[in-house]
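The structure appears right after this line, and notes come after that.
First chain written, first letter: the chains are A, B, C and D, and each begins at residue 1.
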Amino acid sequence: MMKKRHEMEVIAVDTIAKETIEMTLYQPEISQQTVPGQFLHLLVPGFTLRRPISIAKVNSEEGTVTILFKVVGGGTKALAAYQPGMTVDALGPNGNGFQVDDVQEGERILLVGGGIGVPPIYHLAKRLSEKNVELVAVLGFQSKDYVFYEEAFQKIAETYVVTNDGSYGHQGFVTHVFSEVGAFDQYFSCGPLPMLRAVTTELKDAAGKVSLEERMGCGVGACMACVLPTVDNSYKKICSDGPVFSAQEVIL
Amino acid sequence: MNLEVKLPGLTLKNPIMPASGCFGFGKEYSEFYDLSRLGAVIMKAATQFERFGNPTPRVAETSSGMLNAIGLQNPGVERIIANEVPRLAAYDTSIIANVAGSSLEEYVFVASAFNQTKDVHALELNISCPNVKEGGIQFGTDPEMAKRVTSAVKEASNLPVYVKLSPNVTNIVEMAKAVEEAGADGLSMINTLTGMKLHLPTGKPLIANQTGGLSGPAIKPIAIRMIYEVRQQVSIPIIGMGGISTAEDVLEFLQAGADAVAVGTANFQNPFACVDIIDALPETLMNYQYTSVQDVIDRRGVQV
Amino acid sequence: MNLEVKLPGLTLKNPIMPASGCFGFGKEYSEFYDLSRLGAVIMKAATQFERFGNPTPRVAETSSGMLNAIGLQNPGVERIIANEVPRLAAYDTSIIANVAGSSLEEYVFVASAFNQTKDVHALELNISCPNVKEGGIQFGTDPEMAKRVTSAVKEASNLPVYVKLSPNVTNIVEMAKAVEEAGADGLSMINTLTGMKLHLPTGKPLIANQTGGLSGPAIKPIAIRMIYEVRQQVSIPIIGMGGISTAEDVLEFLQAGADAVAVGTANFQNPFACVDIIDALPETLMNYQYTSVQDVIDRRGVQV
Amino acid sequence: MMKKRHEMEVIAVDTIAKETIEMTLYQPEISQQTVPGQFLHLLVPGFTLRRPISIAKVNSEEGTVTILFKVVGGGTKALAAYQPGMTVDALGPNGNGFQVDDVQEGERILLVGGGIGVPPIYHLAKRLSEKNVELVAVLGFQSKDYVFYEEAFQKIAETYVVTNDGSYGHQGFVTHVFSEVGAFDQYFSCGPLPMLRAVTTELKDAAGKVSLEERMGCGVGACMACVLPTVDNSYKKICSDGPVFSAQEVIL
């Protein structure tokens, strides 16, 4: 089946934390096909390039897809001003998400999300919670105002919240609470590059998967904007080979 | 409506082709539509050896445009011929190979490599890629160097050669005339304009390579001006490009002096850009009282 | 916050001035706000005699930009000094005169004419206007010609001379070095890029002059690149321009190498563009941890 | 008093003829100050240059200003999609309109409007109808589908409608009915340049005023984009000296 451009109808737009927007979109096909970690590639009128935004939740019964984004520049600012009833032009679900086939029953899984990397980790947590596994989540935010989804996580995982400035939960970086989380079988992480570097270094002997970001041109694998060197002296494209990679495979 | 155009080595069912570097080797966009609909496909640049390209970030957005400094990442000409060309050849479309290099010898090597295959119909000689530091850029800005590489490639290749001009020059007509004299079968213009964007928090260039090539609608007026100027003084055909995203844009390029066009950056915004333009072209031409693509070409002020 | 910058001949209360040709002689915009708020005003080009300019249409819109071919319409230098300068001098701001011409003699005539008045603080030597056919353009694209006219004007004038460079060249650094050697006190860059737009119903250029100068946000990446390149190799101050419409844009120009900036096309979209930018500048600089305009200049990679 | 940028609220948007939009905007100041023939200079987000659109009606009691425009390109297309409640950024009223001080009681006035030149002529007609004068209006349109404001004119003027293709009213150009309109003291005209050329040539011995169009940069008199040669070997700026000129003064 050929890939499509989707016109997704905006169902709801909410500010759920400082500079953080949750947007629910109607698109049954995408709501049914998505693997956690995949992203939508959104066209914002007036901007040359599409914006990649991870899928944070799907509701395949209602046919909806939820995204969360932080207002950082012109594109996300424009998107934040959308009203229910308007439509967003999207490609997706793009990329390869978190593969959970090798997660065995009874495993203890560490989930590490930082800032706007939390939403795809939530999507993954929901998916994993359908399996008989034990989930531990470490969620890092800049400060108290930026915290979101804590309760949602608490329902399905043992949850640690960390803020850089200590204004909420533990103080410091996500890695600072790794000593408290106990043993685990594999980990999954998404967040800013410095965080991922710290996480993969700290957990270098553990099996893990990380979701990465890079500035994109096409978002579909054609333009070579988003390449990442791999340990075998080759490269991968974040938009189409990733954004999720084995922590052992890539060079951060 | 008849959209066909005939160019040296190429009979195109329509004048629309994706621009080099903006369409890979077609694989990704073949998941969106049937590539047989395209007039031709211009492949990503080929160099002698595999290249990994520049560090990231490689792209940045600008007003009505973007900067890129991919750095000619490609698997090398042999693997392109072995793996990419056959897959593309399965479609009913023409194939144009984009030839790059950092030395005269490399250009000649890559160009002659394409003699091996019957499935490539023309070469686009990329003397203008602004993102290669080793010397590629001089070929595109010095008429004597441009002449030399054009002659050498013409001699080495048995395919028609379209020389892709850089807009980063004082006198585009001089460049066009130089490569025409050297035996170019056609021109391809324009490549990107060298630009830069800074990352405000650090005050440093946002793109790792510092400068990048500016493409997209922002540069269309420069492309139109250069094609128009060259068309007055040079008679070989021109594949026009630079900011095309609608059928009206295509008409403007044809009127200015292009004989076919390539669509680059627009593919990123709309993966269906090329076919959407092909679909809209007949009605657009009709609205402006043209009966075919050839009619536009025939009726422009200065005849080719 | 301290927004002051000191340049040869100019102590600017802030680094923002309207660009030549986009603000007339200030009269019209003085109906929107108090011109004393501006760092300086750069006047519309002055020539020896009155000029009526090109036929209309003289402007065309493009993606994130516009084309213009006004053709240096102005009342002539004597009437500018008699009628326009005194009115502008009533404001607490610096006045920069833009000097144009079609011959070396005309440049010298116009430049020396401004010796008559005490109210003009610097000259911007426009060797780059792409819309004058008689030869103005060569001064801006040939380093030797640029040197000659710069030396001649420096000799004739007792004001600091900022030479306004054309971006329509292969090598902007070479041009900048040439005029620096010839004694320029500063640079002003960039002028417009030569572009064209066609009128689809006729297939002819929309602007009567055929080509026009491209300005606006579309050209900002090219301006930033050129200023950055020149700043690495040339030490005289730069008045930067090309697509500025926000305080962030100003910061980017300062980081790239400009010491002050001019705002052109943005005035047309927003008549308050200059003062809106001045108002926003302190907070913008603060957001990026700068303490003053001079702090941005001092902290950029390469020191002037 | 300093000039301003106005945020005008959209009150109503209607398609009143083929490709012809009537838009009512709320802005009391402008509604009170406007002289017929003046224009608004409208910012349409996404476009570099503002769009000049004549004022067609004002209602100073309700504080509204009505404009009429034809959808010809991207800017007017975007404007046509505006919904009530949205705001339009406008400069104005710009330019010098139709001066009617020298119109004497009892005069017979010929009004000639073509296409989208009809609205400012309507505004003028309304203003003149407050004086004790006799009005004759000749309105030209491409074809029947494009005709608008006929009834409104009939209330205040002897009205002739002309269509190029004869699908409504008289067939031909506005000048074709000049023989029928009888004597008049002065005329006022607005429409496309070819029409104005024909009108001024036909009526070269009559006192008249014409409203002109040109592509604009600034719209306020600063950039010299919109100049027009005058008979005294000088020039005028359409945006600030005009758009209305004495027919004898300018060279069309």
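The rule we apply is simple: contacts are C-beta pairs under 8 Å (C-beta built on N, C-alpha and C of every residue); 3 or more make two chains touch, one makes a residue touch a chain.
Since the model is a prediction, treat every value here as computed from it, not as a measurement.
Undergrad: Which chains does chain A share as contact partners with chain D?
TA: Expected: no chain.
Undergrad: Treat touching chains as neighbours: how many steps, at the fewest, connect chain B to chain D?
TA: 2
Undergrad: I'd like the Å distance between the centres of chain A and chain B, where a centre is the mean of that chain's Cα atoms.
TA: Computed value for the inter-centroid distance: 36 Å.
Undergrad: Please report how many Å separate the Cα centroid of chain A from that of chain C, as a whole number.
TA: 46
Undergrad: So what's the Cα centroid distance for chain B and chain C, whole Å?
TA: Distance between chain centres, rounded to whole Å: 34 Å.
Undergrad: Residues of chain A that touch two or more other chains: which are they?
TA: Expected reply: no residues.
Undergrad: Quick check: what residues of chain B touch more than one other chain, meaning two or more?
TA: Counting only residues that touch two or more other chains, chain B contributes 62, 64-65, 216-217.
Undergrad: Indicate which of the five shapes (line, ring, star, complete, other) describes how the chains touch one another.
TA: Graph shape, chains as nodes and touching pairs as edges: a ring.
Undergrad: Okay, what are all the chain pairs that touch?
TA: Applying the touch criterion to every chain pair yields A-B, A-D, B-C, C-D.
Undergrad: For chain D, which residues count as touching chain A in their complex?
TA: Per the stated touch rule, the residues are 45-46.
Undergrad: For chain B, which residues count as touching chain A in their complex?
TA: Those in contact with chain A are residues 21-24, 27-29, 31-33, 44, 52-53, 56-62, 64-66, 68, 70, 73, 216-217, 265, 267-272.
Undergrad: For a test of understanding, state which residues of chain D touch chain C in their complex under the given definition.
TA: 2-5, 43, 47-50, 91, 214-229, 235, 240
Undergrad: Flag every residue of chain C that touches chain B in the complex, lowest number first.
TA: 62-65, 67, 141, 168-170, 193-198, 200-201, 203-205, 210-212, 214, 216-222, 224-225, 228, 243, 248, 251-252, 255-256, 288, 296, 299-301
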